[in-house]
Amino acid sequence: MITLVDYDLIRERLTSSVISDVLDGMGVRGQAMASDIRPLSDEMMAVGKAFTMLMTDQYDTEKETFTLQFQAIDSLKEDDVMMVCSNGSERAALWGELLSTAARHRRANGAIIDGLVRDVLLIREMGFPVFAKGVRPTSSKGRVIAVDHGCPVEMGGVHVEQGDLVVADIDGVVVVPSGVVEAVVEKALDVVERETMTRDELRKGAGLYDVYKKYGTV
Amino acid sequence: MITLVDYDLIRERLTSSVISDVLDGMGVRGQAMASDIRPLSDEMMAVGKAFTMLMTDQYDTEKETFTLQFQAIDSLKEDDVMMVCSNGSERAALWGELLSTAARHRRANGAIIDGLVRDVLLIREMGFPVFAKGVRPTSSKGRVIAVDHGCPVEMGGVHVEQGDLVVADIDGVVVVPSGVVEAVVEKALDVVERETMTRDELRKGAGLYDVYKKYGTV
Amino acid sequence: MITLVDYDLIRERLTSSVISDVLDGMGVRGQAMASDIRPLSDEMMAVGKAFTMLMTDQYDTEKETFTLQFQAIDSLKEDDVMMVCSNGSERAALWGELLSTAARHRRANGAIIDGLVRDVLLIREMGFPVFAKGVRPTSSKGRVIAVDHGCPVEMGGVHVEQGDLVVADIDGVVVVPSGVVEAVVEKALDVVERETMTRDELRKGAGLYDVYKKYGTV
Amino acid sequence: MITLVDYDLIRERLTSSVISDVLDGMGVRGQAMASDIRPLSDEMMAVGKAFTMLMTDQYDTEKETFTLQFQAIDSLKEDDVMMVCSNGSERAALWGELLSTAARHRRANGAIIDGLVRDVLLIREMGFPVFAKGVRPTSSKGRVIAVDHGCPVEMGGVHVEQGDLVVADIDGVVVVPSGVVEAVVEKALDVVERETMTRDELRKGAGLYDVYKKYGTV
Amino acid sequence: MITLVDYDLIRERLTSSVISDVLDGMGVRGQAMASDIRPLSDEMMAVGKAFTMLMTDQYDTEKETFTLQFQAIDSLKEDDVMMVCSNGSERAALWGELLSTAARHRRANGAIIDGLVRDVLLIREMGFPVFAKGVRPTSSKGRVIAVDHGCPVEMGGVHVEQGDLVVADIDGVVVVPSGVVEAVVEKALDVVERETMTRDELRKGAGLYDVYKKYGTV
Amino acid sequence: MITLVDYDLIRERLTSSVISDVLDGMGVRGQAMASDIRPLSDEMMAVGKAFTMLMTDQYDTEKETFTLQFQAIDSLKEDDVMMVCSNGSERAALWGELLSTAARHRRANGAIIDGLVRDVLLIREMGFPVFAKGVRPTSSKGRVIAVDHGCPVEMGGVHVEQGDLVVADIDGVVVVPSGVVEAVVEKALDVVERETMTRDELRKGAGLYDVYKKYGTV
């Protein structure tokens, strides 16, 4: 069902904010991540199916920490968005240019990291959409390890399941549960039109309060 | 009295840093907000009279939360800067493009939000100066409610009264109590001149310590 | 010994991330600062010898707080990078345009501030590389005082000694203990070459896991 | 329905931990508050029906801030537990000895404050169960105001509705949605018995893993 | 003037909460420290004249860090309360049993540490009133150094001057500026009497709201 | 080698503070955990060999999360102290009464949890020494999982290896690397004697500064 979603249409016409409003209207709340997960550059937009990974800090510097992580990235498919739950790790970068190169070759649509990344300039040059909490030059090698993938995770306060729709742009990261994706996209296209009318009236000097009473939204 | 302030002159010649120094020199300390309230883009500058609003989180998803907030925005006047105290809310965006559109139509000079906002790209396109702690796509509808406006508020550690002068730029947000506005602006114009002399001497190789002894400031 | 380091070569060929990886490989861990110390603009890079300063908040508004700080800055030498440990101060800007002007005239290569700065636009115009935790218009005068310089400090969780090599760019700030500088630079130049091979293979579609097994790094 | 709950039975036989486990088993998760809301003394236990109040910081020192708060406390009924959501306020004590005296006279069973309190010694002497985040001598007068009561609130990360069952003891504060109270209490009494068997086996030296396989819980 | 204050009377009849209320009534706000500075045991009360010390982290493990600190403690006089501003240090204990022994011999009345301490059991045995943010076994030797004493400091958000009155008990730490000490104590003794009347009425079932209207305070 | 350590002697004669000082004197720094890991009651002391476990949050509510954790606890030996690294988890209690019962039966000497626990009253009754960051009634079942044991961990900022000596009391938790245990204990017994002399002199009125010059320590 999700494979029928038109990701390009979402990218062109919708935003994380509109989708968040539609989810609110359907009573599906708590789907927008906290404000500290930001795009590496302002124009980046990641839209696709969540491919989840759960990582955690570990402290054996000699431990082989890349195996499961790399197998997961190697299994990315077209339109996947890699969702990396760090469980609060700030010790190391969990994503970088070489992982972006590998993910892009598999036609993934982006990566959302609830933690740190590196190689910012090279990732921007590639134009691969990466969202993260911050930047640090430290490698995850021997520091952070993948413990599972394809599992439920929690990122920025949002529960994410494998296959959910992810829409991330400069306003933030929103997760749409897989069961309501089609309904959400349809309603969101409608909301965008109504907002245009609201904007036009406000530009002409209408009161916010009056417009809100008239259209039921602002 | 404040209506005689030349806001354009401040925008052209002064900065938040110079005004902060002048306030220090007059013994009026504690007027610069904490460093986490930032402009949505680097060139934004908001200068004008504080129009305050006090908001707070609430948890009744069906509650009508927009009425008082919209009435306040609809009553903005020329040269007002909307000052939104969120009382620490990080649940939702308290400002966005449509509110900016309404505020601009009333000739307001900007909005300082001690909380989150959304619609970053559209606000930048408009060029309406908005300063905030961060960005999140979530609507405040049913989440955050205005409890008062025109009242004293506290934002980024600074006490703000309705009618105070606000000067916000890339270095931060400074609040000038209404009773000292004229004196502050006059002194600030003088400081700017002296700094030019200091800079010239430093560029020629003068020691910081010597220049400081000579001019009494750096 | 350190005076023989080719800082221009580092600036052109290396990055903080590559140097961090090399230090890891040599078992010298914990040399990359926390992720909240960021460049004032994305292209800034500071490479040079650490010149340390230890500052702390003080609360006597009449106290002369600039003397030791300015003497330290006046004693900067070519290729020094000023390293300001604020001990957590968020009360005031510890660096600005005039200090940058003075430091540049002495041919210093940048300033890393484990605290706040101001005059962001003017510093960017100068192109002097400044890294900091944030921005605030408040002067340090009467607020923050230098208690020592040339001493060991701790910034962003990293121990820094006078004379260590500092490499700071958009990925973060890395400190190389003075005793291993030459070895680190030599190895880093080698790693950069190997990464190019890895990138080429990944672009052609090689699996991350396979490449990692082949080259022993990613 | 809730009026039939035997609060004394809960106090004598059950604990917050057992009730939390039962809620987990029923798939009702997220009902235990964060760990920073603690009893004023170790033996305190508050069991009863939630009577909610929503408060927020305000900054008009002359404002009459007690009216709604006192009307709410005056309307407490037998077996109510006052639930004060502070929206993060740390400016003042939101509860104290005199409010405890008034609440006790109305036969309330305790107060849970997602914020600060004062008069610790006197409240302990009274034996009125009060749970809070901390202690500060500052009055809320002119600082914190009630904006609503009987409304949904969020405390320590838990959504609380008027009339929910509250069970608070040294292990923490658990909220049972009003619709499942009877089922939860019944199951909890059963769990307590099974735990006694588990404890006996463990004391005799049984392996945790074996006991867990046998009883399905530990 | 301050030498005439009857510290024993304060200890017997007053509390930090009553004094905080009186200061509020006089418009002297912001005098109660944040809630994280707590007594080492519940019955401790420290009342006396502030003797201030400003400390800061330093990172030269070989540095002699005790000289100024010990000279300050050796100069304590009867009824002084040592006020240690740590500037946020959490690296080491800034107070312990031996310092308490030395301070007590000089008839000091207690120590308030805006940081960590150690030797909790031995200090409790001595009954010397110590208030602190927490406990850690680490010595300050080579870690934290006194940079001044007798100077203004800021602790728990409160500005403290040498000679101010300090009243600390289980409800928190309140600082009374030296110029208003006598007026505050006099008023506080009066408030205590009125509170007794309020309590009596509440115990008899009076409404909080009615009592508040009658006495103007609760 | 470690098996020859006399744990009872340490419990009777030494403290975490003395051992921390001795480690400092040997240049082994950074061995005392942060101040937020506290004993469940003031008199608890845990002394023994570290048995490490690494846990992390996971979000599959149906996942079997107890297997590895219980196998680890079942393999505890006499004089072991269970060291649970939670990687920052605050979602659930990682230790409780039944685990304490199992650990005690295997003659373990205590448990240090860099996270939350529950069943405080029952654990106190048992007298099993448990140290933790806080208390929450929530079960770890389906929330937090053990990913390894016997591995290096990091708790409260301290690196801990299997077999290190742990000494925890009311002043905090200190870890002695296994290679220096005997030397540390021997020196610590000596320091305790010297401190007694210092205390005696201070009680007789000696100056701190003079005593420090005489004995080289305080």
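Residue numbering begins at 1 within each chain, and the chains themselves are lettered A, B, C, D, E and F in the order written.
FYI, contacts are C-beta pairs under 8 Å (C-beta built on N, C-alpha and C of every residue); 3 or more make two chains touch, one makes a residue touch a chain.
These numbers come from a predicted model, not from an experiment.
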State which chains count as neighbours of chain D and simultaneously of chain F.
E
Return the chains shared as contacts by chain B and chain D, ordered by label.
none
What is the chain whose Cα centroid lies farthest from the Cα centroid of chain D?
C
Relative to chain A, the most remote chain by C-alpha centroid is chain E
Looking at where chain A touches chain B, is over half of the residue numbers used by both copies, so same, or under half, so different?
different
Rounded to a whole Å, what is the gap between the Cα centroids of chain A and chain D?
36
Whole-Å distance, C-alpha centre of chain A to that of chain F, is 40
Whole-angstrom distance, CA centroid of chain B to CA centroid of chain F, is 49
Please output the residue numbers of chain E that touch at least 2 other chains, ranges allowed.
61
For this entry, which pairs of chains touch?
A-B, A-C, A-F, B-C, B-D, C-E, D-E, D-F, E-F
Chain C - residues contacting chain A, complex
15-17, 19-21, 24, 27, 29, 32, 34-36, 38, 42, 170-172, 174, 195, 198-199, 202-203, 205, 207-209, 212, 218
Chain E contacts chain C in the complex at 54, 56-61, 63, 85, 87-89, 145, 147-148, 151-154, 159
Contact set on chain D toward chain E in their complex:
61, 66-67, 70-71, 73-74, 90, 93, 96-99, 101-102, 105, 116, 118-121, 133-139, 141-142
